[in-house]
Amino acid sequence: MIQLTNVSKIYSNGARALVDVNLKIGKGNFVFLVGPSGAGKSTLIKLLYREEIPTRGQVQINSRNLVRMKEREVPYLRRSIGVIFQDFKLLPNKTVFENVAFALEVIGVPKREVRNRTMATIDLVGLKAKEKAYPHELSGGEQQRVCVARAIINNPALLVADEPTGNLDPETAWDIMDLLYEINKRGTTVVMATHARAIVNKMQKRVIAIENGRVARDEEQGGYGYDV
Amino acid sequence: MIQLTNVSKIYSNGARALVDVNLKIGKGNFVFLVGPSGAGKSTLIKLLYREEIPTRGQVQINSRNLVRMKEREVPYLRRSIGVIFQDFKLLPNKTVFENVAFALEVIGVPKREVRNRTMATIDLVGLKAKEKAYPHELSGGEQQRVCVARAIINNPALLVADEPTGNLDPETAWDIMDLLYEINKRGTTVVMATHARAIVNKMQKRVIAIENGRVARDEEQGGYGYDV
Amino acid sequence: MFNSSGYIFRETFNSMRRNPWLSLASVITVMVSLVILGYSIFFLANAANMAKSFESELEIGAFVQMSYTPEEVQDLKSQIEQMPGVESVSLVTKEQALEDFGKTIGGTQSSIVSDVGGTNPFPDKLTVKATDPQNVKDLARSLETNPGLYKIRYGQEFVDQLLKFTQWLRWIGFGVVAAFGAAAVVLISINVKINVFSRRREIQIMKLVGASNGFIRWPFLIEGLALGLVGGTLAAIIVGVGYNWITVYVQSTLTFLPVVQNEVLFRQVSVGLLLAGMAMGAIGSVFSLQKFLRA
Amino acid sequence: MFNSSGYIFRETFNSMRRNPWLSLASVITVMVSLVILGYSIFFLANAANMAKSFESELEIGAFVQMSYTPEEVQDLKSQIEQMPGVESVSLVTKEQALEDFGKTIGGTQSSIVSDVGGTNPFPDKLTVKATDPQNVKDLARSLETNPGLYKIRYGQEFVDQLLKFTQWLRWIGFGVVAAFGAAAVVLISINVKINVFSRRREIQIMKLVGASNGFIRWPFLIEGLALGLVGGTLAAIIVGVGYNWITVYVQSTLTFLPVVQNEVLFRQVSVGLLLAGMAMGAIGSVFSLQKFLRA
């Protein structure tokens, strides 16, 4: 489903975030991206929904080439991908409900259906009571869960999650992981960057370790792997 | 040093973030705040540097009453407190260097000294190479470390840290914890809200657990305590 | 698009409700600009009108040879009335001239005629109006060839200067309209750009979640239209009421100043300001958005 | 504060460099507003000047009794010149009047006098100028009591209307200055508010890190001053060059229009625009900031 070929990304200020990365992720896979702070995990994820374009190399999703993709095709690509952003990226002037519903309104889902599906998904992440709150009225973990809800509401073919449990207590974090596991079982490919050693070790899924922009390790059913 | 007396905080939208909290934290203490997402940890921390004022009850730091404090005294209070914000709160139009230096410029430290101390502190958090980068050019963990640097540069009497390792890999997280430990040993009181079970369990410091806005547990040399 | 029309209007309304302050700024900018524009148009209309009324008072004076009998004078008058480019001819006979003179210096007609030894020294005088003030000069030239007339006067220098002046007034009018039109466009595009700029993070997030450019653009467009419409309406009211107030005042106190009071012009300007407001708001929104949508 | 003066200027400069676009908006707003204000002032000066020059042409005409000898006329003239409120008196003798009349109707002086039977029907005429146009009416009244004069004329209705008109011109002038002064202040305060609004997060963070209000305010203040100064300078140049260009053009083509060309006024307006720009920028910054600093 996802194929990166000789991908390098050098930001305009000279930062070498990714160096010659080759990667294949099959349909329905569940993959952890691990590695130290600043290794290039978020950069790799940004390539998948085309927030960034590689400096060199090719990125393909379902045989579509993201580098050569036309500007007006990008929205359609993004609608088939659910993204949990590391910094949440909630719309500050919309309530929790509106933020989650936005992902449906974008694709023109009828109003009635929007309401039902949105409420159901908000319930899934445990934020039913906060439906009418604005992002700045939420705790860090609550904001993160709104972002999770928005990413999964569409039943996307691909779900990319950048540190989706960084602001959550272990219990809530596991609730979210169960959710992602469930979604993965229903066929969605999941790529998740994380620092949560306990989660990675317990899930026993494929682990790709990135260091200094290079793939340092790629194991099926791996562990977090860095000893402290 | 810190004393909360019958503190309740109800936000304007009706959310009851803290309910009747009584707390005493001595000078030089190291205290972990734990609890589920949305429990009220950040709210409690915001009371300490007077971002929020309690709806009921009193907050005192070094016998100064933060509720009755005059508006123009607030900057001086804040200069004696280092804050690591959950959402970083970096100035978007300033470089890493400028963001960290800002905490010194605010108190009128001479230019030469600003340069030396800032560079030293940036080095401490491992961001020497990113000195000239802007926040939006940093990875999540790098942003978090800038925030740490800004909080500690002043040798504050009190350091409050809200989830200071949420975006860091375990290794970097421990580097930061060592830093906080070092600072605490030099006499700074540290109050840290966190979800990092491994860190809390290993440090063996005082643990205050908050649930639904109430103090649920308060142990010297406690552990994280929630089993999954 | 149809499925999301509900979204669009909700979004537009919400945006205005949540940034009442930025909305107000846009409305005021549109309003101020259009008020200036509106008054400039009325100023232009009045300048043109005043120029025309000055020009229409231009006329040629000519004395008739003393030897002509009253019948010959009448013939001459109707002959001139037939000439092309002549609007009207009026006659002041020597008797009227004498009477007027008497009134001026304070005697009766008979006492002066007696003073004067029984003869009337005044000639008959014809006053000729041209259909077009531009033709006054040519008309005067052709009257000069008429053997029955002498001392043809039309204030050459004055006519030249007056024509220059009216031309000048028209230029100033156009200049004012153009300058303030430009200022209005600059101010509005700045305003909209700031609006979009202050929401660029929002726009970026929307794009990342899969919104197409059209989807993002619509609420901005509708908002621009709505704010422009409000600004335009306020401007039309201020200009209309203000101008009405001015005309009433001028007409009652400065009776000699000709003031344009034209229902059709009035309606045209009002509608024009409304449309201009909407156009400014909408075009401003869309163009300012373009840059941010591309990124 | 002194330790941080380096910080303040660096900060000001950085802010302008990083938001060149918002800075440009402020400069343009200040400039447009001040250009309008500047031209309004010159318009006002010209309106006042024109009114004055119209008024100064007001004068009283009076005929001298036919029976007076030339010596008596001279006596009368110097007697009137002594009267309070009289600026000057000029005399048109009956001989000059006859000559002028002859020119008008196209005969020579002698031929008309002979036509007229050897007697000159014209009276002597005195033209009296008042020191203050407001006094024309009173002066005319007191001249009426002089037994040597009759037919005292000063165009009563015209004088009244002219005075109204000049008053009206002054009001319009003041009105234009006031309206655009207000518009300028509104536009600038909106602009600054948007600037501050778009940086409210930044301001909030600064406060949380312990910055005092003064510390936050300074860079905004300096930035406002600098941008206002640039805007004011541009406005002064545009107004100065433009007005100069207009005067040259008007003086060469419309010689009858009196145009104010006053070096002192010129310098005062230029300096005034600079100061106004700086004041607008600075005051706008500080006031708009106030709300956000309190929060």
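Every chain is named by a letter (A, B, C and D) in the order it is written, and numbering of its residues begins at 1.
Criterion: a residue touches a chain if its C-beta (ideal position, glycine included) is under 8 Å from a C-beta of that chain, and two chains touch if they have at least 3 such contacts.
Remember, predicted model here, so these are calculated numbers, not experimental data.
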Chains touching both subunit A and subunit D, listed by label: B, C
Most distant chain from subunit D by Cα centroid: A
Subunit A-subunit B separation of Cα centroids, rounded to whole Å: 28
Mean-CA-position distance for subunit C and subunit B (Å): 68
Interchain centroid distance [CA atoms averaged], subunit B/subunit D, Å: 63
Rounded Å distance between subunit C and subunit D, as computed from the means of their C-alpha atoms: 23
Chain contact topology (line, ring, star, complete or other): ring
Chain-to-chain touches, reported pairwise for every pair that qualifies: A-B, A-C, B-D, C-D
List of subunit A residues in touch with subunit C within their complex: 49, 51, 71-72, 74-76, 78-79, 83, 85, 89-94, 102-103, 105-111, 150
Residue numbers on subunit B that touch subunit A, as the complex places them: 11, 13, 15, 34-38, 41-42, 86-87, 132-133, 137-142, 144-145, 162-163, 166-174, 195, 197-198, 224, 226, 228
Subunit D - residues contacting subunit C, complex: 21-22, 24-25, 28-29, 32, 36, 63, 105-107, 112, 115-119, 121-123, 150-151, 161, 164-165, 168, 183, 186-187, 190, 193-194, 197-198, 250, 253-257
List of subunit C residues in touch with subunit A within their complex: 1, 3-4, 6-7, 14-15, 18-19, 201-202, 205-213, 215, 294
